[in-house]
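Here it is, the structure in full.
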Amino acid sequence: MNEYIKSLKDQLKLNVSIDKSIDFNWKYTKIAGPCSVEGPEIVDIAKKIKSLGANAFRAGAYKPCTYPILKKTNGWKEGLREEGLELLKQVKKETNLPIVTEVMDASMIDTVGEVADVFQIGTRNFQNYTLLDALGKCNTPVLLKRGTWGTIDEILGACERILIRGNRNIAICLRGVVGMPSYRHVFPSIRWAPDLMMIPALKELTNIPIIYDPSHSTGYRNFVKPIAKAAIAAGADGWIIECHPNPDQSISDAAQAIDYHTLNEIINE
Amino acid sequence: MNEYIKSLKDQLKLNVSIDKSIDFNWKYTKIAGPCSVEGPEIVDIAKKIKSLGANAFRAGAYKPCTYPILKKTNGWKEGLREEGLELLKQVKKETNLPIVTEVMDASMIDTVGEVADVFQIGTRNFQNYTLLDALGKCNTPVLLKRGTWGTIDEILGACERILIRGNRNIAICLRGVVGMPSYRHVFPSIRWAPDLMMIPALKELTNIPIIYDPSHSTGYRNFVKPIAKAAIAAGADGWIIECHPNPDQSISDAAQAIDYHTLNEIINE
Amino acid sequence: MNEYIKSLKDQLKLNVSIDKSIDFNWKYTKIAGPCSVEGPEIVDIAKKIKSLGANAFRAGAYKPCTYPILKKTNGWKEGLREEGLELLKQVKKETNLPIVTEVMDASMIDTVGEVADVFQIGTRNFQNYTLLDALGKCNTPVLLKRGTWGTIDEILGACERILIRGNRNIAICLRGVVGMPSYRHVFPSIRWAPDLMMIPALKELTNIPIIYDPSHSTGYRNFVKPIAKAAIAAGADGWIIECHPNPDQSISDAAQAIDYHTLNEIINE
Amino acid sequence: MNEYIKSLKDQLKLNVSIDKSIDFNWKYTKIAGPCSVEGPEIVDIAKKIKSLGANAFRAGAYKPCTYPILKKTNGWKEGLREEGLELLKQVKKETNLPIVTEVMDASMIDTVGEVADVFQIGTRNFQNYTLLDALGKCNTPVLLKRGTWGTIDEILGACERILIRGNRNIAICLRGVVGMPSYRHVFPSIRWAPDLMMIPALKELTNIPIIYDPSHSTGYRNFVKPIAKAAIAAGADGWIIECHPNPDQSISDAAQAIDYHTLNEIINE
């Protein structure tokens, strides 16, 4: 075991998350879907995505935005919210795909839990300890998204909060991090840097499954496929990808959404 | 007005935070105190700090930690919590100093609000939107700490969430951000990089007051004084500093705590 | 074509490097060898590395170090220098492998050119314009290492300096860049962050071959194999890897050197 | 003494740069002038800048650019070069101001040395060891610019190369470094992040003088004054600033050039 991690363990600071004897039951995971639930067409989108080979469906009913005065397109206001959850229930009923969707606050766990098969913790809430502690007491699987600033210690510490409260069904979702501005001007939609080295780094310390998010790693659809393939080559257990029937028309995150054709290539090539 | 910001304003995305006609009533602010409320000696510490010239007192009753299995020194468990709030009430009664202390979750607003004159939003909760939205409906002043990853757009967007709900008594607390590892090995307690350029950058766009935190910018006590002076020279409206009677004995953040002597130099030199 | 790059091209700022009609004649490249030429055993090392399937040999005769007062082990003083070049000539004679080795200054081109089949431009000299301009006038192939700070514009600009002077036989060597300190304490030998997204980004703009360096991307031998595989999955044309018979005994860069067994896995798995 | 630095010293890796007994003879330094020598009007510019209180003059005769196919404005081709040096001789004759100007390669030392009172090593050549070693054998003072990627170890190592060869008349020029993209979109000319903490960090380890460059730290003229003031408050020994009679008309680095009025405020406020 790594010396520094060993010292944390000896100080009883890290305990469960580096116990490789725990068997985490995530299998090779291919999660796809649009950034947000945008309307009733979500059901057909999910059917199509299932037909391409994805084995779980993602879409946000609650969609935190940087700016609070929101676009009103389609009645959408930081997500369709309760209406979005109803649509996700229909997706589940008609496709039987497990639903991965974000819960933004401890007070929403019951409501979102009526449809979510996997609770996603969003990047902004990576260290929202009230939320993490509450999800530690659930039985529902949790997909913890790395904050754009999260170091390896902070990732393990956040997992630990959930694990020690009893919920051992977690996976880490790696995504782009804050980094040097290598692409500015040339590819203006790129805001973060993928950090694929975190895959073998976490694998060396823990057996918590790792799901890679090439959409929020790249910010630009042309790079989603090569980075998805690279993540699997580096040892990731699966991926989560934003896919939209008309990527440019996505209400949120349009620049990074891929079309069905590309999703098909990623799954079946 | 800056073109990009103007375009946000024209899209009704940013509105209040760049309205320079609003009068924010923070004056030159000198906030000092230990990282955490550690015990009853907090009252004497506050008296001493007041005598040196500080005009507000800081100390955390709730103290989020990266690792969840906590040090038990002094009965302290991610802060003394409710017991810590009681001690802060005593500080207020005996020193009449305004109390600046962290609220970690919307559900704690009433409890913490019994003693807090200023609610501090911690770095980890910089984009905890449930918390921000709830504080927007309070009358209590809010000190919003920049996340270690926060861009200037994200800072303005977070302010906006609070302002548009009616609470206009806010200030931005700038602290260290994620950056290149310039000091690794040589100064191992340094984890973040100060970003003093954000002071004139925000001043160009808004008149929201800016309080600088040299403690969480440097991570090393020897650099707190020069960075505090630099922040004021660059235009900050005040600072917030971690000060402890025996810095090396601080339960949390020992490496960056300064002693009374240094605080005196910062205030009175 | 990307808008920003197009504008550079329209201003005649970038010209050759984005001309996809130029045929660059690098094939799938597997360059391996120790960081430095350490002594006569280099010949046997090269034979072994060839037997494992590498198709080019790397080793530095000149080895820039951060600290100028050098280790004297083995008579080594920022490399064996001229003596090292003689040993590389022997390697070439006995193995017939092309030699990839660093030239640190324009004044050394003739001397190093007696043995080098490929001139490597080291990271520190990524923007040493006197050196780049001089190599542009040679016929020898050039492997340009990205500076740890190099943006995509700066990479293309550096290539352009060489290309417009007539030498069109170049490849870009991508390596770790300055980034956030995600691994500090836990994996202390990690100094840089791999940037695998630069592979598809450059491929979108140019057909200059891309050789990936997983050794200087990771700084830690356990991560070299997964990152080498990820680079190929993301579209790299080849890699350059530091391999040593006794990695821990490497005079330079010991922490990132892999052994023969791992090199074999990377090539033949 | 810091433990890590002590270990370097004990291994004889760092020696001279941390010897506080050496007396470096730079005094409070105010270096100003345009980015490049643009033409004969440079003499009048220097007279004006002297009248405002600057005590040294800067202007590049050689001006490395990212893109090699150059602007031809004014006959300027990566600087006026030899013609620029002649103009600087005239400046020196008519104003008696010491001339600070860049030398880009060891082979140019004699030519540039005919006019330079201080050799500036540019950012791109921060670790051009042939150049550093050659300047170590001169008597002319050297202003070593930090590379945008330079850690504190690398800064001290680069100084050491010059110092151990005998030239003890050096100063470190701190400028912006690679960092997180906090200002993108909003202030598009900002490319780097100021790192003012490096001032007290270096002061703790060495008495080599520190000259701060607020122009290349900010990339935007409105922030030059507050950052210049902050640098002095943090302990810098002086500054070097880009100033132009018509900032927007500067051939190079227009966005960060300040006018005479602002220079006057910085010097005399």
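A, B, C and D are the chain letters, set down in written order, and residue numbers restart from 1 in every chain.
Keep in mind that, in the parts below, a residue touches a chain if its C-beta (ideal position, glycine included) is under 8 Å from a C-beta of that chain, and two chains touch if they have at least 3 such contacts.
Since the structure is predicted, the reported quantities are computational estimates derived from the model, not experimental observations.
If you take chain B and chain D together, the chains in touch with both are A, C. Taking the mean Cα position of each chain as its centre, A sits at the greatest distance from chain D. Residues touching across the chain C-chain D interface largely coincide between the two copies, over half of the numbers being common to both.
By number of C-beta pairs in contact, A-C leads over the other of A-B and A-C. The centroid of the Cα atoms in chain B and the matching centroid in chain C are 45 Å apart.
Inter-chain centre distance (chain A to chain B, centres taken as mean C-alpha positions): 30 Å. For the pair chain A and chain C, the distance between C-alpha centroids works out to 35 Å. Shown for chain A are the residues that touch two or more other chains, namely 149, 153, 178-181, 184. In terms of which chains touch, the assembly is arranged so that all chains touch all other chains. Here chain C touches chain D in the complex through residues 8, 12-15, 64-69, 104-107, 124-130, 147-149, 153-154, 157, 160-161, 164, 178, 180, going by the rule given at the top. By the touch criterion stated above, chain A contacts chain D in their complex at residues 178-181, 184, 191.
Interface residues of chain A facing chain C in the complex, by the touch rule stated above, are 2, 4-5, 149-153, 177-188, 190, 193-201, 204-205, 217-218, 222-223, 226-227, 229-235.
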